[in-house]
Each structure stands twice: as C-alpha cells, then as structure tokens.
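I'd like to ask some things about the structure below.
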Amino acid sequence: MKAKTADKIATGVIIFFAVLIVAILGGLLGFILFRGIAHIDWHFLTSPSQNFKAGGGIGPQLFNSLFLLVLTMIITVPLGLGGGIYMAEYAKENKLTGFIRLVVEVLSSFPSIVVGLFGLLLFVNTFGFGYSLLSGAIALAIFNLPLMVRITEQAFRAVPREQKEAGLALGLSKWKIITSILLPVALPSLITGTILAAGRVFGEAAALLFTSGMTTPPLDFTDWNPFHARSPINPMRSAETLAVHIWKVNSEGRIPDAKDVSAGASAVLVIMVLLFNLVARWFGRVVYRKITASKQVN
Amino acid sequence: TTTEPAATGTTTTPAATEQPAEASVSGEILAVGSTALQPLVDQVGQEFMANNPDVVVQVQGGGSGTGLTQVSEGAANIGNSDVFAEEKLDADKAAELVDHQVAVVAMATVVNKDAGVTNLTKQQLLDVFNGTVTNWSEVGGADQKITIVNRPSSSGTRATFEKYALGEKVENVPGAIEQDSSGTVKQIVADTKGAVGYLAFSYLDDTVTALSYDGVEPTEANVQSGDYPIWAYEHMYTKGEPDGATKAFLDYFMTEEVQNADVTELGYIPVSSMEVKRDAEGKVIQ
Amino acid sequence: MENNKATADNKSRGFARHRREDMIGKIYTYLCVLMLIVVIVAIVYFVASKGLATFFKDGVSPIEFLFGTHWSPDGDNPSFGALPFIGGSFVVSMLAALIAGPLSICAALFMTEIVPGKGKRILQPVIELLSGIPSVVYGFIGLTVLVPFISTLTGGDSLGYGVAAGALVLSVMILPTITSIAADALASLPRGMREASYALGATRWQTIYRVVLPTLAPSLWTGVILGIARAFGEALAVQMVIGNAPFLPTSLLTSASTLTSVITLNMTNTSTGSVQNNVLWSMALMLLFMTFVFIIIVRLLQRRNKL
Amino acid sequence: MQTSTQPRFGTEELSVFYGTNEAVKKINMEFPEKSVTALIGPSGCGKSTFLRSLNRMNDEIASARVVGKIWMDGQDLNDKETDAVTLRQKIGMVWQRPNPFYKSIYENIAFGPRYHGTKNKKQLDEIVEQSLRRAALWDEVKDRLKESALALSGGQQQRLCIARALSVSPQILLLDEPASALDPVSTGKVEELIIELKKELRIVIVTHNMQQAARVSDSTAYFYLGNLIEHDDTTKLFSNPSNQMTQEYIMGRFG
Amino acid sequence: MQTSTQPRFGTEELSVFYGTNEAVKKINMEFPEKSVTALIGPSGCGKSTFLRSLNRMNDEIASARVVGKIWMDGQDLNDKETDAVTLRQKIGMVWQRPNPFYKSIYENIAFGPRYHGTKNKKQLDEIVEQSLRRAALWDEVKDRLKESALALSGGQQQRLCIARALSVSPQILLLDEPASALDPVSTGKVEELIIELKKELRIVIVTHNMQQAARVSDSTAYFYLGNLIEHDDTTKLFSNPSNQMTQEYIMGRFG
C-alpha cells in the first residue's frame, strides 16, 4: 500500500512538472504574442526602422534575418552534409574519429559570444570582409555546422544497413550508394533537422553584434545586383538582424517606442520560429511520404 | 592584412561646407564605435546618403573602444567615441588620429523621486558612489537605503561622469548593479526606492529627479556657460585628415542643418553653442 | 587517378569509374571534416593568442587572474581578479542546472514512462519551441517580467537583478537541452529492463526510481553537464538580468557577473591590444577551456555508460 | 514455498488489439496445474502478445488493448478493478533475451522481495540463495554475488532472470522463448530447470523450437495469425494433429 | 544470360575474426556448379559470417578480418588486389529481411544495370522484365512498375530483391535465410524459384529450417561454433549423418 501511495505521489509530481513546463512555454508564448501582436501590422513588417523617432518598422531587419539564414545555409549544408556523411559512412573507430567527434561536440557547445569575437577578429578584420552579411553568415555557419553534422550523421545512421549492403551486393561504388540510395532515404529527417536547426540560427544575436553589424544601409529593393552597395542581396553589406535589433533597441535605443518595437519584433521572431517548426514537420512528412508511399515514385 | 576602407571618393566641390551638391561625392564610409553616438550618426548618415546617392554610410556600434581601434588600424574611416582617444589608446596611436568634435553630451545625476534630495555637492556625490554614504538621510534626504546603478567600467558615460562629477575613478560598491543601457538605468532608477544613477540629458524626464550639482541645475544653458561641468564631447576620429566622402560627411555633420536639428533633437548640445572648450585632460581652455 | 587500359572492356571501365567516384566522395567528405578541424584550431589559436597575451605581454599574474577577487581594470591602480566572474558563471549555471535538471528529467519521464506516445507528442514540440526561442527574447522577458517580479517578492528590498534572476532565465533556456538528452536516454533503455521490474510486481515509481534512473544515471548526468555548459556560455540573456556587479555572489538576490556578461559589457568599449581588452580575451579563453572540461566530463560519463 | 491449490487458470474469449489490428483473437485456453503448456506457431502469430496479456504486461504498451477474461482463483485478472501490480507478483515472467538489471547478482534477486516487504537481511540472503539454487545457478555464482550481473554469460544471465522471477514466489511462470538466445549446453540446463519447476508451479512457455516443445511440455497449443488452431496433449499434437495447418507447420512446410 | 563455366568456386582455410573472436574457423568448402548448397547450424554458429565473406561483404564491417582464400576462376577473391566492388557484381546476395531500395519497382531492378553501363532505355526495360520474370514476379507487378517497391507485400519484396540480384547477371547467388520472414505461400514461391535458378547458377543458402534445406539443396553443410562439422549430399546428411553432433542437431536436441 505504501508503495502504491508513493507511486501515486511520484506520478503526480512528474505530471505536475510536465504540465509546468507546458505552462511555462504557454506563458512565454502567450506573453510574447500578447505583448507584441498589437504592434504588428503591414507597416511594421515592411518599413525601415527609426533611429530616434517613434513608428519605425522592422522591414530590413526581417529581410536581413531571412537572407542571412539563406547565406548561412548555403555555407552550412554542403559542409555539414559532407562532415556528417564522413562520420556516418567513412569514419573508422579510431583515435582520429574520436578527436573529430570531440571537435564537433566542443564546437557545438561553444559560447556564441566567443564565436562572434572570433568572427570579428578573423573575418571582419583580418580577412577584411568588414561588418557584412558574409562575416555574419560564416559565424553562424560555425554554430550551425556541428548541428548539421550531427543531424546528417543521425539521418544516415538511421537508414537501414541493409540498404547499403544491397547496393554493395550489386557492385555499386560506395559514393554512388551514398548519393543515390542512402541520401534519398535519409532526406526526410535531414530536411526536418535542417529546418529546425535553421530556426535556431534565426534568433542568434550575440555572434552577430560583432560580425554582420548593427546597421543596415538603405536598401534599394529594385536593385538585385549582388555587387551593388544598396542591393538587398549584396553579401558584403552590413545587416542588422531582427534579434540584433531587439538587442540594440533595448540597450542604447533612443526611440521612444522601444518597448513596443522590441515587443513586436520579439513576437515576429517567435512566430517565425513557430513557423519553422511547423514547416519542418510538415515538409519532412511530405518528403517521407513521397519517398516511401505507394504513390508514384521517381 | 587589413583592408583599406573604401573611402576613395572624390570631392568636386572643394571644402563643401554648404549643402553638398547632388552626386558630387561617392564612396563608402564606415563609421564604427560608441553605441551612444550611433543613433545620431546613423540618422545623419541616412540624410547624407539621401543627398548623395553614390555614397554609402555604414554606421556600426561596438563601443568607443572598438571604434578607436578600428579607425586607428585603418579598418574604419571614422571612429566614434565618447571619450578622447588619448584615454583609450597609446599616445603614439592617438596622435595619428584627428578629432572631430560633433556634439556635446551633458549628464545629470538622477535619483528616484522619493529619495528626497535635489542637490548634492561634489563631495556628497563622491561619498554616495564610493559607498561612504549608504542612506539618503545622511545627505539630507529620506531614510532610504542607497542603491547605485552604474554603467560598465569601460563605458564612456561612466568615464565622463567619474571624471567631471566625482573627480576620481570609483570602484563598484557591493550591491550596486551595472547596466549597459541608459534606458534600463532610467527604468531602474524610476522604479526603485533609493536608486541613483547618471544619464545623458536626452534621457531625462519626470519619472526621475535630476540633481543639481554643487547647486547648479542641470540645464543646457548652464552647460553652455560652463557652470555645469558634467559634460563631454562626442568625437568622430579619422586617421589623418579626412578626404573625399569622409570629409564631405564630416563637413555635413557640422552644418547648421544638422547641428540645430538632429543634434539638438537627440538631446545633444551643438559644439558651436558652447562658451567653453576642454582639452583631453579635461582642462577648460576657454 | 590512373587511366584504364582496356577501355573496351565494360568491366574495367566500371572498375575505373567506381574508383573515381569513391575518390570524389572521399575528397569531398574529408575536406569537410578538415574544415571542421581548421575552424576549431583557428578559434583556439586566436582566442588563446589574445587571451594569453594578458599574462605574457601585459604581465598580469595568472594567479591574480584566477584567484583575485578585485576587479578594477580601469582604476589608477588596476587589478584583474576574475574570480568573481568565474565564480558567478559557476554559481549561476549550477543553480540553473539544479532547477532545470529535476524538471527536465520529470519531463523526460513523462514522455517515456508516464504517458508514452502521447506524452512525447505533446512535450516534444514544446521542448523544441523552447529551444527555438532566441536568447534576446528570453532576456527581454527576464527584464520586463522576472526581475520586477522578484523585486516585488522581496518587498522591494532587492532590485530583482541578480543571481536568482539569471539562474531562472538560464534554467528555462537549458531545459530543452537536458530534456532531450534525458528522453533519448530513457528511450534507449531496453524495454525488457522495465518489464522485468514490472513482472516482479514493482510499481511504476519503484521501477523508475530503482531500475530506470540508476541504470541511466550516467546519461542523465551527461544531459545535466551539457546543460551547464550551455548555461555557462550563454551571454545576452544573463547579462540583461544578473546586475553585473563584479563581486562574488553572496546571496541569491545580490547582483553578480558572469564571464560572458563581463565580456559582453566591456569587450567593445575597450580598445584592441590594451590590457583591459586582453584580459577579456583571457576570460573568453577560460570559457573555451571550460567547454573542453565539460565535454571531457561528458565523455568520462559515457564511458561508464556502456549499455 | 508451496504450490498453491487454485482451481483454474485460463482465458475466456481473450483478444488483444494493437490499435485496430487484432493480434490475438478470442482465445479460450486452460492451463492445468503442475504442468507445462507450450505455445508454438510461426513468427508474428501472436504467441508473445498472448503470453504478455496473461500478466497484464500489455498494460504498458499504450497501443495495446486486451479484451476478454483471464481467470485465476475465480477472479478476472483482466478486470479494471484487479490490481496489475499485485497480480504480477504471483505470475513471474522471463523473456527471450536475458534482461538482468544493471546491478549486482545479489541485488537482482533481492530487488523484488525487498519491495514486497522483506527487509530482514537474513531472510533476503535466504531468498537469494533459494532462488539461485532453484534456477541451478547457485554453485556458479555463490562466490561473486556482489559482482555485476552483466558479467555473467548469456546462459547464466537467463538463469539469473529465472531466479529473479522465482524470488517473489510466483504461482505461475511465463517464459517467452527463454532458450532461443542460448547455446546448447545452457539450453539443456534451462530445459531441465523447467521440468524441475513444473513440480511446483504452472508454466507457460513460448518456443519456436518444436523439439523443445516436445521435450518439456505436457500440452502444446498451435497459434496461427492470432488464432488458436489446436491445443492438445503434446504427444498427441506432434504425432497426430487433428488440424491440417498444424500438420503442415509441424512438418516444417513453413515457418 | 548464360551460366558461366568457371571451373571452381570454393574456400581454402577461410577464417573470419571479429576483433579477436574467431567466428568462422578454417573452412574448406567447394560449391559445385549448378547446385544449391545449404548451410545449417544453430544461431550464432557463423553461417551468415561465412556467407558474407564470400562476396567480401565483411569488408564493410570494421572489426571483421577475413583470412584464407576464396577461389573463383582461379583467382583468389580474398586477395587485397582483387577489387571487391567488381567481384560483387558477379556474386549476388539476398538477405533475410527483404531490403528493396526506397524507389519504384522499376528503379530497383534498373539501378544496377544502369550503373554498370546499360543506358539504353529499351535494353533496360528488357533487363527489368527478364529479371522480374526469372524471379516469378513479373505477372504480379507488370502494371505497377512505377509504384514504390515498399508497397509490395513481404513475399513480393523478397522476390523483388532476388530479381534485383539477378539484374546484373551474377554467376553465384548467396541467400541468407531468404524465406524466414515470409508466410508459407511466399516461402513456397521462393523455394520454387531457387530450384528453378540453380539450373543457371550456383546458389549458397543459409537456412534455419532443416526441412527447407532438405527440400531445396543438393548438398548441406552443418556449422557449429564456427567449425564446418559436416558437408555432404543433402539426402545423406539428413538420413545418415556421419557426425554425432550433426545427428543431435538434426534430431532437434538443441538450437
């Protein structure tokens, strides 16, 4: 009887904490959205920010966040894919692999501020990329890379070994097996993982303060030549992202509506992260169904 | 291998002190440094870009230290700073830089409205900040514990305050807090009984009490006349004499149009209106 | 790449081809891995060369840095005791782990033991979302909600800024880290282990407490350590709420600093090459070093956990 | 330990669903006292599922739903009112893969009794020795009781698991392919053990090895696709099955 | 597709180590032309390990080390110089669990030949049809070649895997318990297929079902603990084994 009482109490406690966590998240989301949603309108989402007047928007910041994400992914995905494939398919269990694993683990728990400072030192100054999208993207890639490697490795390891053996038994080269047999099977979890990782990068600020900078030049959204200074897609221009904007507005911001802007921007940021989560799940499922379902394939 | 800043623009109108002619200059200007100065430079930069479509002015924060380092290393065209370069850089490095004082920023000691004080002497203020005095009643205020809200030790605002208000550097008192943001400092002082901090004039409003210093009220007029000493220049440093777009930009900064509009709007005091001048040691020279 | 002799022969063409393909694959993946190594070596090199300059170039004593409690880099008689920050980082992240650890393990138990299946479907997205919320947003909420709340709780005696606020914000931030590792560990436990306990007539709690948790202890500790590591390196959110006074924390409500907060506050206000700047890099080096330490602890734990 | 004298143990129209998939279909079966009942059938036919429902182990699988009755001592074990935790004490279970706790040998055995109230060290020692003896493992491990159970060989681990099951004095023992992961010598030992134990309790054993069923069991039940096709005396079933499908399976036509 | 007329295929003192554990011990075996050789033995005796070493599949397992010779066409396949990728094309393999690629039925078959140089669509179509016909699957799938192979039943998938193995015209086919996960009907089909295929190529099949070995194989080898205990004509081995251990195993004394 005593055991059963203990069981009841413990179960109660565990459920309580689980509910608490859901409540915390609910509270956080509710708070952010409640505070912020009133400030979000078309004008807020599209117009440029103000330096010391009220009524500024977050248009360029939003664009910067998204574009920076794209750049980051362009760098991360091929590198992370290669690294992950190495870990899953090529690495032998030896000291070197142990070392590489260590590298990946350490890299993935690096304080972001250290990466940011490193970026300032190396990309911004030494390489002369300046405060630019490129510098920011490389810094973010450094964060994202270990995550991407891990996602890829897990996705490849999750592919039944028999798939690989079937390929081998047909006399295919290992690389062909990896690209044509394993990759398609790994794709759904690869996509889900990548999008989730992207969502995480989206809100990073500490590393960007020092790399992609805290201002955005006036953008000419009719000029899409990446070599033009005012082109939105010029990778060498500086770019303040949404998360950095929140930081800036809250620290030395001189705009009278700083509270409203950061509330609105926070809400936008959180909504974006929510979207990333939803899209990741949905897209992963769609691809999975495409690859495995009894519908037409190939 | 630091890249040279792309300030290779050319000026067609020599000494463009008036409105720069349309499309007269081109190039990229990178101004880095003081976060306090950033909104102003950013704002003026945008106006300047509107007038000069071929110029891109990039304004980055990063702090006075970063600004001075970057300009001194040639990584930026302009280093924005709240303090004289001599205070942050080695003397030989500082000597290479040319100072452009673009505004004056004045600061006031602020206390919570319930603290019951409106004026402190220099000595009293020092006692408050070095922890000798811990209750407002000791300096004629209400019976409230004093809570100090400081800026980080490397902050230019703090350096100015210590130099001109306290007369010496003070260390943190246990229980004090440091905040990097003036907005937050104001918020805390407004909300917390017994809190004291210091803010640029532009942040002052009726949520906090701005204290007189040795009996002198913190007003713009008192600053201009030199009666109220807690103020400093906002500097924009260049390495050597500026040219091209950078020069045009700095010249534009000093125009009436900027000094009497943007500068005052942001709560700074135009340099030209000052009746006194100071050098790097803080000595009044006029 | 050697060229093939009997080109007419289908098989020998296949031979050359698969060799070539595998070479491409190898070069590509090896380059990617090399890149990873280059990145880490570069980071370590840069941070170390700056961070060590404090001691070798500026002549600050490492003993003073590590054990000194007096931080006054700009004073007329500067001193560089970083112990308050090192101590602050430890205190705050340990406290955060103390709060988040039990909570996370309960969440993981909820997912795998109490309501398997459905529990996971509910909590998993919650956990992922929590980890997706940017740290500036956490800081913002800490600043606008938590700090005033703590202040009110103490009847206005305290400002609300301090160790408690920092630890609470961090605990929410590391909750996902610990939970997902704990949940993975729980899921990896062979079913048979639980069933054996149930089959003996043990209740669920007895099974969890006596069989599941002891068996998984190393993995759960791994989660906690990685949580601490994450907390240790978190910068913006902590800096916004901890108060940033350079003293070793003496109570939950006193303002304190962490390595990350002092770096964030001062790095940009000091000029490169100055001792004030270098000493901040020394702290970054310290952060880096701690990351290695945490990972090594994790490795030792995992070695004990040969399932 | 005495054999209890409960009159019946058996199922009545017992079905098990995983979601909507009916894995076990309306089984009526009786397990006579002091005897071994073997369950045979091709992979996936529901043997394990059926066995696991007998001690409510399927409660632990969220998707599983057990319908029907399980009679024991005139009580329906599958009733919501019946406490699963208590009944499991009376019905021991052993799995295909040995699953000792990650604890010492001693702790593996003492774990159950201690929870059920035996705190006395001496009594516990006794139970441990008794159980290990009955599982024919005592002599092999008596000098290393404090060592980790994981250091034992597979066969020893499996006997340890049997000893663990015996430690709480069950009246019924459920064995799910207990020897299929073992070498011939260990298999032999486990089989002997089963024959020994049936003097005291009811045993239900799932096996894919028909010879094993023939060797150890008194009656054998043939399952196919969730249905109980035939249940008869073991000798009768193997020599002269009444059902065509049973015949084909026994002849090794498939499976 | 003709049966090639290579003189011998067999092993000479072939051992396989996993780390220091010798899982297969100095096996000398000959696989005669146009015949089926069955490998039987208790779980873990090394059947799969031996089979997998024949097409160098163990290369892929880091801890595995294969020592000894594998003769084919007078060439030692286990020589470092011999290119494993090329030889695997000549030696097809099918596993216990069907493992079709996550692609369409057509692609599953066409994938190998296309890689090996057959780009012509018409030729490919032909190979696909041929292979599926030989695996007795053509009629069931000819109208849905573009559908995912995963939508097929287990038995169909297994035959698809056989068809896939045939698509690159191997001279030898290795089957590791190809029917153990299948239902009786599918098992029957696969067995027929094996008997059909042996007219053209050598087949080595691992099975745990002795009746199956008896039904499909010409010669049978009994493995125990990594040793080849006995290898003889299937009829001889099952009716009158010369070794006592073989006898015991066949009688179902263990395993």
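Going in written order, the chains are labelled A, B, C, D and E, and every chain counts its residues from 1.
By definition in this document, a residue touches a chain if its C-beta (ideal position, glycine included) is under 8 Å from a C-beta of that chain, and two chains touch if they have at least 3 such contacts.
For each chain, UniProt lists the protein as follows: A = Phosphate ABC transporter permease PstA; C = Phosphate ABC transporter permease subunit PstC; D, E = Phosphate ABC transporter ATP-binding protein PstB.
These figures come from a predicted structure and were not determined experimentally.
Most remote from chain A, judged by the distance between CA-atom centroids, is D.
Contact analysis places A-C first among chain pairs (by count of C-beta pairs in contact).
Using mean Cα coordinates as chain centres, the one most removed from chain E is B.
Between the Cα centres of chain A and chain D there is a gap of 51 Å.
Centroids built from CA atoms put chain B at 37 Å from chain A. A separation of 17 Å divides the Cα centre of chain A from that of chain C. Of all residues in chain E, those touching 2 or more other chains are 85-86, 89, 115-116, listed in ascending order. Residue positions of chain A with contacts to 2 or more other chains are 3-4, 171-173, 176, 209-210, 250.
Taken residue by residue, chain C touches two or more other chains at 14, 18, 143, 202-203, 206, 264, 267-268, whereas all remaining positions touch fewer. If you check the complex, the residues on chain A that touch chain C are 3-4, 6-7, 9-11, 13-15, 17-18, 20-22, 24-25, 28-29, 31-32, 78-83, 85-87, 89-90, 100, 102-107, 109-115, 117-118, 121-122, 142, 145-146, 149, 171-176, 178-179, 196, 199-200, 202-206, 209-210, 243, 246-247, 250, 259, 262, 266, 269-270, 273-274, 276-277, 281.
Those residues of chain B whose C-beta lies close enough to touch chain C in the complex are 35, 61-66, 68-69, 72-73, 88-89, 147, 152-156, 159, 169, 171-172, 174-180, 184, 188, 191-193, 195.
For chain B in complex with chain A, the residues that touch the partner chain are 1-3, 28, 30, 32, 35-36, 38-40, 42-43, 46, 49-50, 56-62, 70, 73, 75, 180-184, 202, 265-266.
Chain C contributes residues 115-118, 190, 192-203, 206, 210-211, 214-215 to its touches with chain D in the complex.
Those residues of chain E that touch chain D in the shared complex are 42-44, 180-181, 183-184, 187-188, 209-212, 251-255.
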